[in-house]
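There are structures below to look over.
Here chain A shows up in two complexes: once beside chain B, once beside chain C.
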Partner chain A sequence: MEFYIKVLEITCLHTILVLGAYLMTGLTGLFSLGQGGFVSIGAYTASIAYLHFNVPFPMAILMAVLMGSAVGFVIGIPTLRLHRDYFLLVTFGFGEMVRAALLHLAQLTGGALGIAGIPKVVDLPMILVSILFITFLIYNLKRSRFGRNCIAIRDDELAASLMGINVYSHKMKVFILSSAITSYGGALYAFLIMFIEPNLFNWLESAKLIIITFVGGVNSITGAIIASVVYYSFGEFFRFVDVWRDVLLALAVLFVTIFRPGGIFGSWELSPKNLLRWRVKKD
Partner chain B sequence: MEVLKAISISKNFGGVSAVDQFAMVQPENEITGIIGPNGAGKTTVFNLITGVYPLDAGEIWFYGKNITGLPSHRITDLGITRTFQNIRLFRNLNVLDNLRVAYGIKVRYTMWEEMIRWPRVKREEGETEELARSYLAYFGLEKYGDMFPYNLPYGLQRRLELARALMANPKLLLLDEPAAGLNPKEIHQLIETLLKMKEEKNLSIIMVEHHMELVMNICKMLYVLNFGKKIAEGEPKDIQQNEAVLQAYLGDEG
Partner chain C sequence: MELNILLQQIINGISLGGVYALEAVGFGIIFNILKFSNFSHSGVVAITAYFGFFISRYIYTHFLVTLIITTLAGGLIGVIIEKLIFRPIRLKGAPLTLFLVNSITAAMLVQQFFAATLGDDYYPYPVFMKQTSINIGNLTISKTYTLMLIISGLVLLLLTYVLKRTKVGIALRAASTDIRTPSLMGVNIDFVISVAFFIAGVLGGITGYLLGMTYSVDPFIGSMILKGIIAAIIGGMGSLGGGVIAGLLLGGAECLLIAEIGSSLTQIVIYSGIFVLLLIRPEGIAGKRYIIKA
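On to the complex of A and B.
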């Protein structure tokens, strides 16, 4: 039982990170390989504040979120003027830069040895409540002006700006929000697995967040969450396929991009209204 | 009242002069046409007015306000909207949302209110939807609200783009070849709609168009461009007789 709870905790924590990536890559079409950088910033800020400066846990989490947002803002100023592939490259560089900085700022971060001795404060209910809350926020944004503007920017930036959307400042809002969510997830991560090190979350992990978003469906929060839960719990529950997990993911990506380019769930969302409509259709 | 005034605006692309010292005045509640052969720089004029490209020289004034160099979203905010020569609808927003996105500048709730679905958000979203549905009905698109725009026939896509441009209640509407790809019946409908909209909403319209019947019928003034230069301006019946225009369109007499 304990094992399954552990698996669920890790899975759900990754789902928070997927939600952060969903907002940016799924809704707005900004491909960032720097999400890992924000996970680390969140994890290290909270841990160092808690262990070295005796900041209470909730305050440490808050500091991590503020730090993530602030870094997001600073990184966003130059990078959000770049377009697709250039943005991807620069965010990739940012993620690796954070990793290198953590390795070399050994006095504060412990370098390659990482930080050990973080207490386990985070449990499954706390993570689940976080997911519900973040999903609530993102879903609300998605179904009103903010979300429509995101999708408009993803589809056609020029037309979006001619609808009166300030593309740059809108992207900035998205980037800061996504950074805040991601560093929140990173902070929880530190207090869940009790040990962090600079290689905690490399660019490959950041790429997985994007891929999961795409498999689930760029227009569906439901799809992103389900794809995330399936992917991150799959390997643990089916240990025998362990190393084949990434092969299966690759195959899933292939099949989805060929046969369902909009993702498995397309633009379908789980809501009472849609469930009802679905039942009516079936009848 | 002058709605729009362009004072000798110019734009070069790598040494090629796309628009060369073009000047025009748009009076209120009138329809003006910009015509000319392919590649004459007509669409570039629209792109300069809407801030898509920065001007190389000249000034643009809108209702007595200098809008030269403003970014596109500010210009839209001031009340200039447009359609595109190649339809540019948002493919991942359904027909209804394509209209709603254009109304974003009129909506007053903030991002924070949106996050927690504050009552004001619900109310204004309701109002937006009602307005969008009324536009769909006006343009005969009410059946297609839930469909995605690129599943619609071409003529309906054009209508949807026009509806989207009108959604935020602009003062000046720029139409880039609104009749391209439409059949005679649809062009007739378009003329009726434009004239009706112009009266009902006190709208001023500038259109780039190749379809001569449309232009000659509804435009009060015409500007003729060739190789980025204005070669003639005047009322449609004078333009029809203008030698420079005939030469640009038909070439020199044998």
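On to the complex of A and C.
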């Protein structure tokens, strides 16, 4: 039983990170390879505050979230005005920079040895409540005026800006929110795994977060959550195929994108209304 | 730093920069036509690095012959990747993000596949030359690095010729400006895209071979391509010449910085440099400002 709880905890934690990535990619079409940087920032900020400065746990989490948002803002200033691919590559560079910085600031971060001895404060109910809250937030954000503006930006940036939508400010808000969620996930991660190190999340892990949202369906929160739960729990259950699991994921993604470009779930959402009717809307 | 060490590092840096330049051009050629960042280029590099290793180790150990075979194989792999994973979504008119997703997925597929099958070992190329370095005065110049520089230079010259003078090259450049109009003019755009992927694959093949020869082959050799991608951005997306200059600059800067301040600080300095550069000059060194058209 304990094993299943462990698996569930790790799976759900990754789902928080996927939701953070979903918010950004699903709403504005931004594609970031630097999510790992925010995970690390969240994890390190929270655990350093907790261990070195005796900040209480909730405050440490809050500090991690604030730190993540602030960094997101700074990174966003030059990059969000640029063409999408620049954003991708700058965020990639950002992830690598965070990693290098963590390795370099060894007095504070422990360098390559990482930080051990973080107490396990986070438990399953807490993560589940977080997921529920974040899903609720994203679901409503998506249906709000702001969210619909963002989707317009995703589908056609030029048309959206001609309709009077401030593309830059919308992207910035979404990016900051996504950074905040991701750092929150990172902070929880530190207090769940009890050990963090600079190589926690490389660019491939960051890319996976976004790839998973595409498998599930970039229009469907349900799809993103289900795809993430399946992928990460599969990985925990089948530890012996660890390396092959990414090969399988990659093949699955290619099949899905080629045969069903909208993702497995398209834009279908799990809701009482849709469950009663039980039909999958075509894109 | 002493003068001869400085010179030494500059020479090493330029040789490394030559490889970055090859990567940047191979990356830029696809970006010009299809307007997406082709991460699958790193897959080509990884596959050819292994391919070159197995050919030169077990079948025929001759530098030039194996290099040419690997190069052609690289071109073929590039075309296969295009036909298998980009053509289907291109025909469906998928958004650009999906191309990006597929290219990153392909890179991941190749890397993890090699990690799963050949990841436990690393594979050094056979030694092609008896004497590994040349001495000029106080300077020691590695033969591998010199070779790298010469080959990169030759390939880039050849590519310039193909792009400027041949019919396919002109079609390629026309497609870079606007992909729809040439197809109305009777250019077979499907073929042109295949050629672009072939050229990119050839460049990837050379890169893979040179990187494998200089370092040793491991599953993560493909991630070295990321430096090339960075060079392509600094140079300005869509400007191949800018990519070459940026590649050389990046290689030189990296070697000097590593010698002076160590490798982890180098990463920080280089990425902050890029950050600042994009803040001041968003279109890169030689790029044109990217305008979204309706």
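Keep this in mind: the second predicted complex is superposed on the first by the 273 of 283 C-alpha atoms of A that agree within 3 Å, B and C clash if a C-alpha of one lies under 4 Å from a C-alpha of the other, contacts with A are read in each partner's own complex, and residues count from 1 in each chain.
By definition in this document, a contact is a pair of C-beta atoms (placed from the backbone, for glycine too) under 8 Å apart; a residue touches a chain by one contact, two chains touch by 3 or more.
Remember, predicted model here, so these are calculated numbers, not experimental data.
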item	value
Clash or fit, chain B versus chain C on superposed chain A	fit
Touching partner for A:E96 - first (chain B), second (chain C), both, neither	second
Touching partner for A:V167 - first (chain B), second (chain C), both, neither	first
First (chain B), second (chain C), both or neither touched by A:I151	first
Once both complexes are placed on the shared chain, angle at chain A toward chain B and chain C, C-alpha, multiple of 10 degrees	80
Which of chain B and chain C A:V55 touches, first, second, both or neither	neither
Partner chain in contact with A:A250 - chain B first, chain C second, else both or neither	second
First, second, both or neither for A:L88, with chain B first and chain C second	second
Which of chain B and chain C A:L128 touches, first, second, both or neither	neither
After fitting on chain A: smallest Cα gap, chain B-chain C, Å	7
Contact residues common to both interfaces of chain A (with chain B and with chain C)	158-159, 218
Residues of chain B defined as touching chain A within the complex	50, 52, 71-73, 76-77, 81-82, 84, 88-93, 97, 100-102, 104-105, 107, 109, 111, 114-117, 121, 125, 164, 168
Footprint of chain A on chain C - complex, ascending	31, 36-37, 85, 88-89, 92, 94-98, 100-102, 104-106, 108-109, 111-113, 115-116, 119, 223, 226, 229-230, 233, 237, 264-265, 267-268, 271-272, 274-275, 278-279, 282, 290, 292-294
Chain C-touching residues of chain A, taken from the complex the two chains share	25, 29, 31, 77-79, 81-86, 88-90, 92-94, 96-97, 99-101, 103-104, 157-159, 203-204, 207-208, 210-211, 214, 218, 243-244, 246-247, 249-251, 253-254, 257-258, 261
Chain B-touching residues of chain A, taken from the complex the two chains share	137, 140-141, 144-146, 148-149, 151-152, 154-156, 158-167, 173, 218-219, 267
